[in-house]
Amino acid sequence: MEKRVRVLIDCEDAKGLVYKISKVFYDRDLNIENNREYVDKAHGRFFMRTVVTGDFEIKELASALKKVAPDEANLQVVEPKRKKIVILVTKESHALGDILIRHASGELNADIEAVIGNHDTLEELVCRFNIPFFKVSAEGMSREAHEAKMMKVIDEQNFDYIVLAKYMRILTSTFVKAYAKKIINIHHSFLPAFIGANPYKQAYERGVKIIGATAHYVTDDLDEGPIIAQDVIPVNHRLEWKEMQRAGRDVEKIVLSRALNFVLNDRVFVHGNKTIVF
Amino acid sequence: MEKRVRVLIDCEDAKGLVYKISKVFYDRDLNIENNREYVDKAHGRFFMRTVVTGDFEIKELASALKKVAPDEANLQVVEPKRKKIVILVTKESHALGDILIRHASGELNADIEAVIGNHDTLEELVCRFNIPFFKVSAEGMSREAHEAKMMKVIDEQNFDYIVLAKYMRILTSTFVKAYAKKIINIHHSFLPAFIGANPYKQAYERGVKIIGATAHYVTDDLDEGPIIAQDVIPVNHRLEWKEMQRAGRDVEKIVLSRALNFVLNDRVFVHGNKTIVF
Amino acid sequence: MEKRVRVLIDCEDAKGLVYKISKVFYDRDLNIENNREYVDKAHGRFFMRTVVTGDFEIKELASALKKVAPDEANLQVVEPKRKKIVILVTKESHALGDILIRHASGELNADIEAVIGNHDTLEELVCRFNIPFFKVSAEGMSREAHEAKMMKVIDEQNFDYIVLAKYMRILTSTFVKAYAKKIINIHHSFLPAFIGANPYKQAYERGVKIIGATAHYVTDDLDEGPIIAQDVIPVNHRLEWKEMQRAGRDVEKIVLSRALNFVLNDRVFVHGNKTIVF
Amino acid sequence: MEKRVRVLIDCEDAKGLVYKISKVFYDRDLNIENNREYVDKAHGRFFMRTVVTGDFEIKELASALKKVAPDEANLQVVEPKRKKIVILVTKESHALGDILIRHASGELNADIEAVIGNHDTLEELVCRFNIPFFKVSAEGMSREAHEAKMMKVIDEQNFDYIVLAKYMRILTSTFVKAYAKKIINIHHSFLPAFIGANPYKQAYERGVKIIGATAHYVTDDLDEGPIIAQDVIPVNHRLEWKEMQRAGRDVEKIVLSRALNFVLNDRVFVHGNKTIVF
């Protein structure tokens, strides 16, 4: 039966990889719809994302590819299925709202399983779209206790990724490790400038002429995870920091959606602290 | 003997192309340093640029590739040699000056064989860099007669590309055809907006909020050749058209140099009226 | 009683204007919160937008300013009140959705009185936000007959501006004149490039390396009204025109919202076919 | 006799400033060619740059303005004269070359009095333009001793500004203080990201998707002086850090020239650690 799959490989670079992999496709009479490769020479690592179509068994294809790739290779043969996401929020609506609208129009290639907030500010907005909203208040709780409650709610959902759409709480190492490579955050600055709290105020006080936003995977180091997408806009002395914040919101939501589009379509490889985005 | 070559192929798309081409590399024990492919599905066309190293004969490799590629394929196996260029100018120095400085620093991957101007305004600048300057005045001559004189001077040079660095004369079909796919122009607008004369004045009068520049191959249709690179900058109501022109010059020179960098490193395929830039 | 107003003046330039106007403010002991001026020298025209606070009567201030300004001056003293808008749509949700989310969060400095569509595709989305939606089908009707019906619905609303949020029908001169200087459109290209239908397809076929969007006032000439805001994003050969369209949507909605922000805060002067945006 | 001057004022904000200042102009029958004001509300500071023309005495005008401005006001009435600059370099030619070309074409609104390098790499380039080059080697010298020698050469020149066009040595507090508000540097990163050495390598290792450059006044804190101009370009995983550096050079030179254009035309106010650029 005619199928379309994405083949994702990253492994140590070696002579003949492209030949051996394309031979597997050729021997099965597969059609290459799209193919992108990259070799990180500094680390001697090979990355490949190929979309193939044809009449084949996924398991058999994966097993054939496994034989020609190095043992340590990360190899996936995935059908381009719709992913599921859980969104964490606090009070700001712009990033969440942008995702909701894209979801409603069918543009977002994912189902939103739930939105979880530590405040209920955004409950009304979420409910307008008939999506479950859970409030998990942090009031009077330790960070650990609150996160345990969050994780309980999260774990009841069926999801591929957790999207931090302006979730304004710092995550513990426990939380981050529990969902390694699954958490995507939008940071309201052009990282690594203005790490930490209130970047627009920092930017205003530093007198910068450009501000930006960064979407990244969340790792143990605050604001230090692999960057997926970034963008910027020019500002000038006339903007007070509240206005910078306002202008910055547009960049934030666009950058987050761009990053989600990459991630949800299996276009991002992570290696060390960097991404390869095909 | 260890060699490094660029393999450039464009041909009708067909199943197995990547396999067959990579097999040619594999059989000769070549190392793939860099590989980029693209299939234009609308036109069913395959493009590939691969840098390979190894111990091989260029002729033998080219002939082996010829066998596996379709008959109509454009196939080149080129050593990454330094190209030679001739630059045509009129009176404005910014684009020429930028190329001269890059040339002097060794950044430009080309030799400047000559600069030819229809005025002598830039002679002094060119001579500062010990590069031959030829004045071919158009005064009192028909377009055809002037071009004939230009072509005579051009044809005495040894060159791969002709760079129009703000050469402000319209070229006849005869001239363009004589140097097909070899002429690169910088147009002072974000094409296809403001085709024709004095684009900054047009932009000013239209009240646009962004202006730009376009580097393109020159074809028979004025300002309609395949686009290689474009960039823009924001402007506002405060800028008069002379100031727009001034601001635009920076974009022009950067875009031209970016395009030259692509072309001089064999990174541009032209198909129909479009480019594929790897 | 303490008031804050925006003083908007445009008139023929003349010596002493700033002095005379600021004297009016000074004599009334007003505080200048914000002041921007511009003189268009090519047309000898003076523009000024000043925010003043103090204890004064609006009528008296306006009348005093009238005395010092030339007779033909356009002079407004307006309280920064929330404007009312009507939104016209067809089927695409991104621009509308962006406005709805900004409205819901309180960021949009306007009330949405109604959304009117020639299809009912977006009815569900609009109703989620408890905003009236009117469907005015054009099926089987002449352009004139349909517009007459549209105008009937529009005229029943209380509004300052009509926002065309991807309203995909061409307007007649009758319609445009009925709402002169009140209609704001988002055009899905970097005007004046790709005027007319399907600009993304045009852009794809021309092989451009950058695409954009333009928000402008609607005048009698299709896509020729005064430009309020523009922005662009880079694209490359890999994007098919549907993908360009998708990428372009983000630019469209951001540019439209930026333009709305200017217009709704009385920051835009129109003179001839150009805008001065303070 | 008809004159044109720039009036530059910054002082504590106060009611009536615009009125009083414009009255001074009005009483002398001056024409306002260009006027820009800004009030920094966070610091209660007023900034104004006005270009006036008319028949007047500069001293008398300055003295009249002094009377209406607060005592602590910084007030200048300057004729738009061509400034003089000294350029400091090390080995890289792109920023210097860009300035030389602009100078040669008459675009740079300044005279280059001298270029001083701690290496002689750029001597040949500078001499092509008949501009004095001084080599002040740092070899075998303490930082202090080298700077003393540099200052000796600098002080023999007649200059308004010192431009660090990729001068790769850290300056001591003594040096910076000797030329307070007169040193302009181009930093090869989007500050405050990647402060310090080798920012392109830092950027590469952090995996950023955008790189930039920053032109700023030099103060005692390394890379912390008031920012005059910034710009950025997108990058991706394919660029090694040397390629980032190469791509970054274009941004550096454009940003430096933009900043110089502002400074040389008296368009920059510095207040605290920030600039107001009119």
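Letters A, B, C and D mark the chains in the order given here, with residues in each chain numbered from 1 onward.
In this text, a residue touches a chain if its C-beta (ideal position, glycine included) is under 8 Å from a C-beta of that chain, and two chains touch if they have at least 3 such contacts.
If you're wondering where the values come from, they're calculated on a predicted model, not measured in any experiment.
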| item | value |
| --- | --- |
| Touch-network distance, subunit A to subunit C, counted in steps | 1 |
| More contacts between chains, A-D or A-B | A-D |
| Centroid spacing, where centroids are CA-atom means, of subunit A and subunit B in whole angstrom | 37 |
| Geometric centre distance via CA averages, subunit D-subunit A, whole Å | 41 |
| Residues within subunit C bordering two or more other chains | none |
| Sites on subunit B touched by subunit C in the complex | 38, 40-42, 190-194, 205-210, 212, 226-232, 236-238, 240, 273-277 |
| Subunit B-facing residues of subunit A, complex | 15-16, 18-20, 22-23, 25-26, 29-37, 39, 234 |
| In the complex, subunit C residues that touch subunit A | 92-94, 97-98, 100-102, 104-105, 107, 125, 128-129, 246, 249-250, 254, 257-258 |
